[in-house]
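In what follows, chain A forms one complex with chain B and a second complex with chain C.
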Partner chain A sequence: MTPPLLSVRGLGVTFATPFGPVRGLDGADFDVAPGEILALVGESGSGKSVASLAVMGVLGPGGDGARVQVEGSAIWDAKVDLLRAPHRPGLAMVFQEPMTALNPVLRIGRTIGEAVARHDGVRGEAVTARVTTLLAEMGLPDPARVARAYPHELSGGMRQRALIALAMACRPRLLIADEPTTALDSTVQARVLGLLAGLRRSHGLAMLLVTHDFGVVAQIADRVAVMYGGRVVETGPVAALLAHPAHPYTRALLAAVPRLDLARGEALPAEEMPGTPPDPRHPPPGCRFHPRCAVARPGLCDSGPPPAPQALGPGRAAACHLLAA
Partner chain B sequence: MTPLLQAVGLTRRFGAGLLARRGGVTAVADVNLTLMEGEAVGIVGESGSGKSTLGRLLLGLIPPSAGEVRYRGRPLGAALAADRRGVRRALQIVQQDPTAALDPRWDVARLVREGLDIHGLGTPSERAARVAGLLADVGLDAGFAARRAHELSGGQKQRVAIARALALAPEFLFADEPVSALDVSVRAQVLGLLNRLRAARGIGLLMVSHDIAAVAACCERILVMQRGRIVEDAPRATLLRTPLHPHTRALLAAVPPPPVALLATG
Partner chain C sequence: MLVVTFAGARISGNPFDYLYDDGLTAEQRAELSAEFGLDRPLPAQFAAYVGALATGNFGVSIAQRRPVLDLYAEALPSTLVLAVSAFALTLAVGLPLGVLAAVRRGRFWGGVAMGVAFLGYAMPHFVLAIILVLVFGLALSWLPSVGGDTPWHYVLPTVTLAAGLVASVVRFLRGEMLEVMGQDHVRTARATGLSGPRVLWGHVARNAALPVLTIVGLQLNGLINGSLIIETVFALPGIGQTFVGAVQVRDYPVLQFGVMAYALVVVVINLGVDALYAVADPRIRRGGATRMAEA
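And now, the complex of A and B:
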């Protein structure tokens, strides 16, 4: 097996809040192989976005004993401030809302040009040429015109493509994308996902894709890590995990997606998953999913945290008391 | 079944202010539509296709630029002029963003009771009992009555908004992207709740969403809008199996197949 491009072990993030320290991410483990698309799936508060930001280093080194490595070397530890490190080791990020991620008073070409100049150490014409190439590569018609435009002059889909061009200007090995298509209409979303899949093919780019949408996962990801309450509860290859989800949460979450291929009476699950995702300020004791779990066993699931993920077959693992019992 | 709401040549232009220079925007263009009593109809379309504007026109929340809305066969404007409270009671709305829809200063009991107070329905003790019943109907226990919106999750807020809309025993509910702001697991709860309440009370439903799967989980008839026009109007199964209009096909093609079905078939 090829060594992972990105390896994350025991990643935790604690936020200081008016309610006291809140554990937004509680020891997440996952790997991304070179050229692989790993989807971090979860509902609000699951820690999926926090995990992506922590890997990117924008939250600062917050892990206690966490290890985040790119190609075997630590990209940050408790002693290194990544934001001031000389360069980020091949990571770039695409945010959910391109309107807030792009500076509204700068033309697109200027924004991307800054990254090009810094990253490639070039100036003048070379910057302009590279910006135009990048925008063209993102499937934007008339890239020279887009480069002269301000963000508000572009449609949502065009802005998101410009943002991906900005990330690609850093020539990343790993692209971290946080809900990159959530703000877009469905037809535009499909085209942006097509663009990301194309970049993976042409550049051998690996991706950490944060999403709440299993449709997006099925369309583009190779592997999935399902998150709940700040922890990874199940990982596996997309096809196997979607066809035979092992963790009770994954099963209930998949069942909650309305089915278009069934009659109206059957489009929704007969038994809905009750309750809401846990409030990170007051996580339930034991397994964080047990208050909503249809098969939770009193005395077991509410007593202690679930055991380390159990291997369930090639590349598959889930962290559940009942699977270990 | 008798027609509850009808749109006849319904058109709405937005042309003032900043848009005037570009000649304005026609959000709804010459729409003809009949919604029967108790019917569950969904509208899908991309942002800006006019689906929310159409719903607001049908409720009389904004006036049309041309054409008219008929409520039980008579012009909605005239019906409102004759019996504003009666018509408002009959036609209720659930908005997309439950946080914006609920006054943050009021507790849940007052929020749900407001319509009963305005319409002077029942004695104070009857109203309190009715509020308790409504909360139970939307799956909130009595402890929620004293809470304020900021103490509720998104799904709980949307349940309160639904209880508010149902308080006046409406004939028709316009649900504008009712689950778009919610998590996947909570989305299924709220869609299931809408289905059960509708089945129990025979309320007509118009649900607007950009998510075809959400609409198809609640509605037997689906309309597709594009640039202010209804480009397809068909029973759910027909639209999903044999979409005719290219835009319907594009919308369906862009919906990732349900992951489970995708794998089951291929």
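And now, the complex of A and C:
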């Protein structure tokens, strides 16, 4: 097996809030192999964004000691100050909201140019040329004009492409994308996904793709990591995991997805997941999911430490008391 | 505007009462009034005044018997030096202090920066002027405190004038910096590998400076008001002195011109600030302009 490009072990993040500490991430583990797209899925509040920001090293205060390592690099600490953390070479990030993620008073070309100058060590004309090339590569027509535009002058889809160009200017080996298409309408969404898939092919780029859309997962991801309550509860190859989810939470999550792929007239109503996600300030004892779990066994699931992931065949693992029993 | 100035000046008294306090005979007074056209009925005086203005004639000082324009032209350089150096000092001190106050908030240097700002804010011009004169002018004798003969004469007035402005720059810049620091694009900039200081100055301070610019611009009005007081306290031969002198003796033509020029400057400053802000913030400059369409 090839060594992972990104290896994350025991990533924990605690936020200090006026209402006491909030455990946003509680020991998440996952790996991304070179050239692979790992989808990070889970309900709102499960820690997907916090995990991607912590890996990128731009979370700000709150992270505690954890091992984040990109192949061969130093091991990074999750505990960083936004304005002081050293840059993590090889990583770049695409953010969810392209309007606020770009500096509103700088022209697109200027923003991307700064990154080009930083990563290619070039100046002047060479920067302009590279910016234009990058924007063209993202499928933006008239890239020179886009470079002269301000963020508010572009449509949402164009802004997201510009943001991807900005990330690509960092010459990453791993692209972290936090719900890159959520803010876009569906036709634009499909094109931006196509662009990401194309970049993976042409650049051999690995991706950590945060999404809560299983359609997106099925379309471009290789593997999935399902998060619940700040931890990864199940991982596996997309096809196997979607076909045979092992963890009760994954099953409930998939059951909650409206099935549009069935024959017409047969669309099943989505089953709503019972209960609410755990309160990160007072997580339940034992397995985090047991209060909502249809098959939880009293005396087993509500006591003892949350279970460690069990290997379940090639590339698959799930953290469930029942599987360990 | 014209009417108010014109009437206000005349209601408050007659220049000859102030200029010749040992008294004038009735004939002398009539002679002088005729010379300056003050013997005619007010509407006629006003018509003559407006007519003269229209031809670019601003009148002659009653006290000094010289063209008003000459008096102000002589005083202008002194005031300009004071205003420009106070403005430069404000930016040179206020911007770094404001950034410091934001970056080191809740810590020692942040507290120092805010303390300086608070002092500058709380202390009226004339109090600060007196303290500075007492300490640096009299006790230490480091700097001259009266007159405008050498560049050194401008040091204390400049500091006095800049103090209040520095205070507002620091407070506003700190607030803006903290707001911008929490915005998503700062995180993006860090994620692209730009260094902390680079992001701090090139993105956070840059964006935060825009609104602060407006505040400073609007306070230029205050700077003019302040310079009236300060020129008087430090006996600087500037426009403020010219104007205050004219008010004291009811030198109508001089003070009428002063008020008009002041109004004009205020308008120009406000327009200038708006223009500057539009240049600096693309969202305003191209507000409502067409977006580029999705391809």
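Everything that follows uses one rule, which is that the second predicted complex is superposed on the first by the 293 of 325 C-alpha atoms of A that agree within 3 Å, B and C clash if a C-alpha of one lies under 4 Å from a C-alpha of the other, contacts with A are read in each partner's own complex, and residues count from 1 in each chain.
The rule is simple: a residue touches a chain if its C-beta (ideal position, glycine included) is under 8 Å from a C-beta of that chain, and two chains touch if they have at least 3 such contacts.
Everything numeric in this text was worked out from a predicted model, so none of it was measured.
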First (chain B), second (chain C), both or neither touched by A:C170: second
Chain B versus chain C as contact partner of A:S155, first or second or both or neither: second
Which superposed partner A:A115 touches (first chain B, second chain C, both, neither): second
Which of chain B and chain C A:P277 touches, first, second, both or neither: first
First, second, both or neither for A:T2, with chain B first and chain C second: neither
Chain B versus chain C as contact partner of A:S202, first or second or both or neither: neither
First, second, both or neither for A:A101, with chain B first and chain C second: second
Chain B versus chain C as contact partner of A:R145, first or second or both or neither: second
Contacting residues of chain B [partner chain A, same complex]: 46-47, 153-156, 183-189, 191-192, 195, 210-214, 216-220, 236-237, 240, 250-251, 253-264
Interface residues, chain A side, partner chain B - complex: 43-44, 185-187, 189-190, 212-219, 239, 242-243, 252-261, 263-264, 267-269, 272-274, 276-277, 292
Residues on chain C engaged by chain A in the complex (per definition of touch): 103, 181, 183-196, 199-200, 202-203, 206-207, 210, 280-283, 286, 289, 291-295
Chain A residues touching chain C - in the complex, by the definition given at the top: 53, 56-58, 60, 82-85, 87, 89, 91-93, 95, 97, 100-107, 111, 114-115, 118-119, 139-141, 145-146, 149-150, 152-155, 157-158, 163, 166-167, 169-170, 188
